[in-house]
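There are two complexes below, and they share chain A, which is joined by chain B in the first and by chain C in the second.
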Partner chain A sequence: MSEFSQSRPAAPIVRRSHGLFGIDLASPRHANKLGYLLLAPAALLILAILVYPMLLAIDLSFHDVKFATLSFGADDYTLKNYQRLFSSPEFWNAIRTTCMLLLVVTSISLCVGMGTALLVNQQFRGRSFARMLIALPWAVPEVVAVVTWVWILDASFGVLNWLLLKAGLIGGQVSWFSSPGSAFSAVTMVMVWKGYPFISIMILAGLQSIPEEFYQAAKVDGANVFQRFIWITVPCLAPVLGVTLVLTVLWVFRDFSIIYVLTGGGPVGATETLAIMTYEEAFSFFRMGYASSIGVVTLLICAVISAFLVKKTSHAIY
Partner chain B sequence: MKRTLLQSILLYATVIVVCGFLLFPIYWMIITSLAPASALRSFPPQFWPANPQWSTYTNLIFNTDMPRWLFNSALVAIVSTAISLLVSVLAAYSLSRYTMKGGEAVGLFILMSKMLPATMLIIPLFGIFRSLGLMGSLWSLIIAHATAIVPFATWMLKGYFDSIPQELEQAAQVDGCTPWGALFRVILPVSAPGLAATALYGFVLSWADYLYARTFLASATHNWTANIGIATFKGEYQTDWNVIMAASLLAALPIMLAYLFLQRYLVGGLTAGSGK
Partner chain C sequence: MADIQIQNLSKSFGAFNALKDMSLQINDGEFVVFVGPSGCGKSTALKILAGLEAASGGRIIIGGEDVTELAPGKRDIAMVFQNYALYPHLTVRQNIGFGLKMRNTDKAEINARVERAAQALEITDLLDRRPKALSGGQRQRVALGRAIVREPRVFLMDEPLSNLDAALRVQMRAEITALQRRIGVTTIYVTHDQTEAMTMADRIVIMRRGVVQQIGTPDELFNRPNNIFVAGFIGSPSMNFITGTLARDDKGVFIEAGGLQLRPEGAVAHAASAYIGRSVICGIRPEALGLAAPNEAALEVEPMLVESLGSEAYVHFRLPGHQVAIPVAGEHEHEGRASGTLIARLYDVDQSLIGRQVRLAIKPNTSIHLFDPATEEAIK
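Let's turn to the complex of A and B:
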């Protein structure tokens, strides 16, 4: 830096600018004005495309409307949507399905993600190539992943049925999408396949930041592989795991494309999550007010879950 | 740590088996797209194409709307990412460097928007776009995708800017830069990798969308994106899996290539952005 400032000795040390609105933004007195100015475009855009629609949706949820209106408080406010929602068996079924999916997909993805991350964290030749390949499904768009899996799971000529038949695990061809249980497992398979790479990437980054000395010290103390994993790896990964878990849970909770293209929520509502129910009510039955109320409930549940998880994992660090 | 030969072999075998297992769907997509249609309706399935049918691809490119849909996907992704990044860079810099009233609130709202279900947001957006006459137009998608990209890009870039020492701008200002100059001539060039990673994520986010595209573009076939095209193929050509898989591969390829070549930046950005 010193050579740089010496090369232009004639220039004033701080050049005053009077460009914007005649305000000298470089002076400490006005420094924050520049901050606001920089924030303004994003704030305005967020107000227009996120805050306003969100308020509109909340407003809609208190109105008995068939179609989305843009005026606030057009009719009298009513709790009809929420009353109907909480007394509807379909809603409780969707809650149950969403929670089951959440539990199954998150735990399996976490296991696969952790396993793959630990595997490619070993030292071997070609490790960086293996790291690249192991998270490749991350880069496959959800619709493409679903369509590919539909073909793999095809009842008559799908490769999975062929393999299972060959291995003698099934007696006849399984029609994956016609029974509730198998449709649910199909959704789980695809979601895990799309979900584990992110977890793997995050855990691998976390693993790389654990100092090697920790392991060496534990080895000196006679800890075996399993003990080292439980007492060093897991605690050191806790913050990363927390963030990853929150993001994965939010993804499973709100994802639409995978289930909608794969099963459409069927058969008989076995894979209908809150997201699918919201969309169906809004765009198949055009009950926009009712659909908004499901959305509001989903949002609240998401907020509670992430607050809980963030709290839990921040406890785990200390 | 030295391994015995047996341990090395075991490790490599595990890596190969696990990779093979997890990447099988991608492999199967490629193999199916090259197989002749008749071979797909026979057992046992062919695990290696005896005579690859490249005509499936030329057919798809010259005789269907697929190229147009891919172009639409790219156009929407580029424009929405560009607009979002423009405002996000400034906002992220501001949130990272200035302490302002309301700055905290913006930060909090950005976090909350990560929890906003898209299936709920789409309801008011549907009403708004209808009254603005944007239904069926690509602008509806560009705006809808910005609702996801702006908060996420702002958050990710804020994390990136936080990691750049403030002394850098102070030095630039001592040397005669205006605050604008310090941002555009010093900070932005230094953050090029972070900007690239954020832009790529924005692109991926937009490219992968199906929900908004399906809802806003339903009847405007010429404005469809690749994802709606593929989902529709799945319904129409029930048994021509080679065509569907070829179209799928074309739609997945841009993102997969970007991932393979730019993995280092992407992973850095992903972990930095969400670690905060």
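Let's turn to the complex of A and C:
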């Protein structure tokens, strides 16, 4: 012990730092000020590029304007845009198309995402490669991917038609974008292809956080593979599934490039979602007030859906 | 309830042998503890018994039925896990009844059995809570409830107390032992804590590097260890090991150690006669040392450290030239006491011993253990 008890030289006195404007931001008393300071750039940016345009759009939606103006309350306020919107068959058609797309794309993506995540969560040779392969569509830029799909689905030169013809599944070449049903299927397929990797990656992360003992305990208790999936995997994934579902729903709602590049909303409005309709009204017909009212309704629907999903899934576990 | 036969069980992961040729017969209703440092194969053995790992060789027979190839759910066993493995999304009631539900037991029957188990464990008022709202001890009880509710043939427990604080561990230790005695289900309990093993077990299986070192009652392991590892692992503080040359005089064989003659007796002394003139390792329990009387032959030491526990004190000292550094006790073998420091466990010490000479003597009627330095096996 004695070798440790020798006297040590006195430690040098730490000089007090005076920091910014004489305030030491590292001290506990001023720590929250540092927090605000660090958050300020991000908060200002959000105000400038999100909140301000949003307020502008809400204001625009109550005015009958053709071109966007940056001055609030330039004209008299009117509900004309909303009256016209709710009585327009195109709007209800867009709502129906968006909801159908939402339902079909989200549920198929969820199934494919869950299936692939369960698959690559298993131990097998080449697992890392399989994981990379599954995540690949997510990494390809959206427009590049969709332009490629346009070529794949092309009626004359498309590789899909060629494959289906070779396999004998179709008698002649199918024009994927000319009938409402096939155009909707094509949009669904490309959206699922683009959207499932995100769900798969999220679920995979969720699966890896489930303790192995849960499964071991269930095995000892006699639960078969389906019972383990229903009683352990799904409830334990609920928080992850909730967040993933919200993000996927919002993505389908606001996605523009896939539909616009593939079909442009056609044929005869079969794939015209609220996002496409907003774009068309704003930048094809330059009805900015009307387009803003569609945007505001979309915003409200998205807010309600996310609030519902977040509330629902946050109570699903623990 | 059933007896268990483990026959030549082995498990290897590639070139690494986690379990080597383990054979054991466990009687119906017996409480057997597998103990050893990390990586000794005790948890692997338990997982193989549960069916969660496949054995590389050997057979497991429970109640006369060969279960080696059976799925975990078909073995009629229950397991308690180290982290309890309670499902966070289910209430305590649903957690306890989970196994019965998976076996499609009638709802009324599940309720009745869950209530009975909850009463036995005094957790009736917690039944509608989620695991998050429970303390460590309560979670432990729920985990036990999930095991007993199925009324299985065998309980397997994998370090169930290691997540509890020291005081609660002592309490739950007693509760688990009492519960097992009351229900009488054959139980295999895995731990790295020798105190748990000593206090709970009918028989202890002590393991090291995948090999069973000794199987016996706590008293057998404490009093007649097979080798240095067992001698050092069982008992707290660990046994002191002193090296010396065995000699003989007219009173019998002895080892000279720093002014003290260590004289083994009985069978040990008889077996030791083959080692006269050779170096041996001598084991003395810390409690076998006491303060010497003024005119008694004694070991004069200067304590390096005195740890007072109130009623007793651990006196740490060195014996240059005689002490042997043997890494033993502890969860991790390499973290064991390998410094060669010796410890005397003294009672009724009423004054500070630091800084002055302490005269230690061997208490009468205490066992001196001898070990072969080459094989580390006990000379007995």
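As a working rule, the second predicted complex is superposed on the first by the 286 of 318 C-alpha atoms of A that agree within 3 Å, B and C clash if a C-alpha of one lies under 4 Å from a C-alpha of the other, contacts with A are read in each partner's own complex, and residues count from 1 in each chain.
What we mean here is this: contacts are C-beta pairs under 8 Å (C-beta built on N, C-alpha and C of every residue); 3 or more make two chains touch, one makes a residue touch a chain.
Treat the numbers as computed from the prediction; the structure is a model and nothing was measured.
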Clash-or-fit label for the pair chain B, chain C on chain A: fit
Angle at chain A between chain B and chain C, C-alpha centres, nearest 10 degrees: 90
Which of chain B and chain C A:A223 touches, first, second, both or neither: second
Contacts of A:Y36 with chain B and chain C, given as first, second, both or neither: first
Which of chain B and chain C A:P211 touches, first, second, both or neither: second
Partner chain in contact with A:S257 - chain B first, chain C second, else both or neither: first
Contacts of A:W231 with chain B and chain C, given as first, second, both or neither: second
More chain A residues in contact [chain B versus chain C]: B
Which of chain B and chain C A:F86 touches, first, second, both or neither: neither
Chain B and chain C, minimum CA distance [Å, superposed model]: 6
Residues of chain A contacting chain B in one complex and chain C in the other: 1
Partner chain A, residues of chain C touching it in the complex: 50-52, 71-75, 77-79, 81-83, 85, 87-90, 98-99, 102-103, 130, 132, 146, 150, 304-305
Footprint of chain B on chain A - complex, ascending: 1, 4-5, 8, 11-15, 17, 19, 25-26, 31-32, 34-36, 38-39, 41-43, 45-46, 49-54, 56-57, 60, 67-70, 112, 115-116, 119-120, 122-124, 130-134, 136-145, 147-152, 154, 156-157, 159, 162, 193, 196, 198, 201-202, 205-206, 239-240, 243-244, 247, 250, 253-254, 256-257, 260-261, 274-276, 278-279, 282-283, 288, 291-292, 294-296, 298-299, 302-303, 306
Residues of chain A that touch chain C when the two form their complex: 1, 211, 213-214, 216-224, 227, 231-232, 235-236, 238, 316-318
Residues on chain B engaged by chain A in the complex (per definition of touch): 1, 8, 11-12, 14-15, 18-19, 22-23, 25-26, 28-29, 32, 40-45, 86-88, 90-91, 93-95, 97-100, 103, 106, 109-110, 112-128, 130-131, 143, 146-147, 150-151, 154, 171, 173-180, 204, 207-208, 210-211, 215, 227, 230-231, 233-234, 241, 244-245, 248-249, 251-252, 255-256, 258-260, 263, 267, 270-271, 274-275
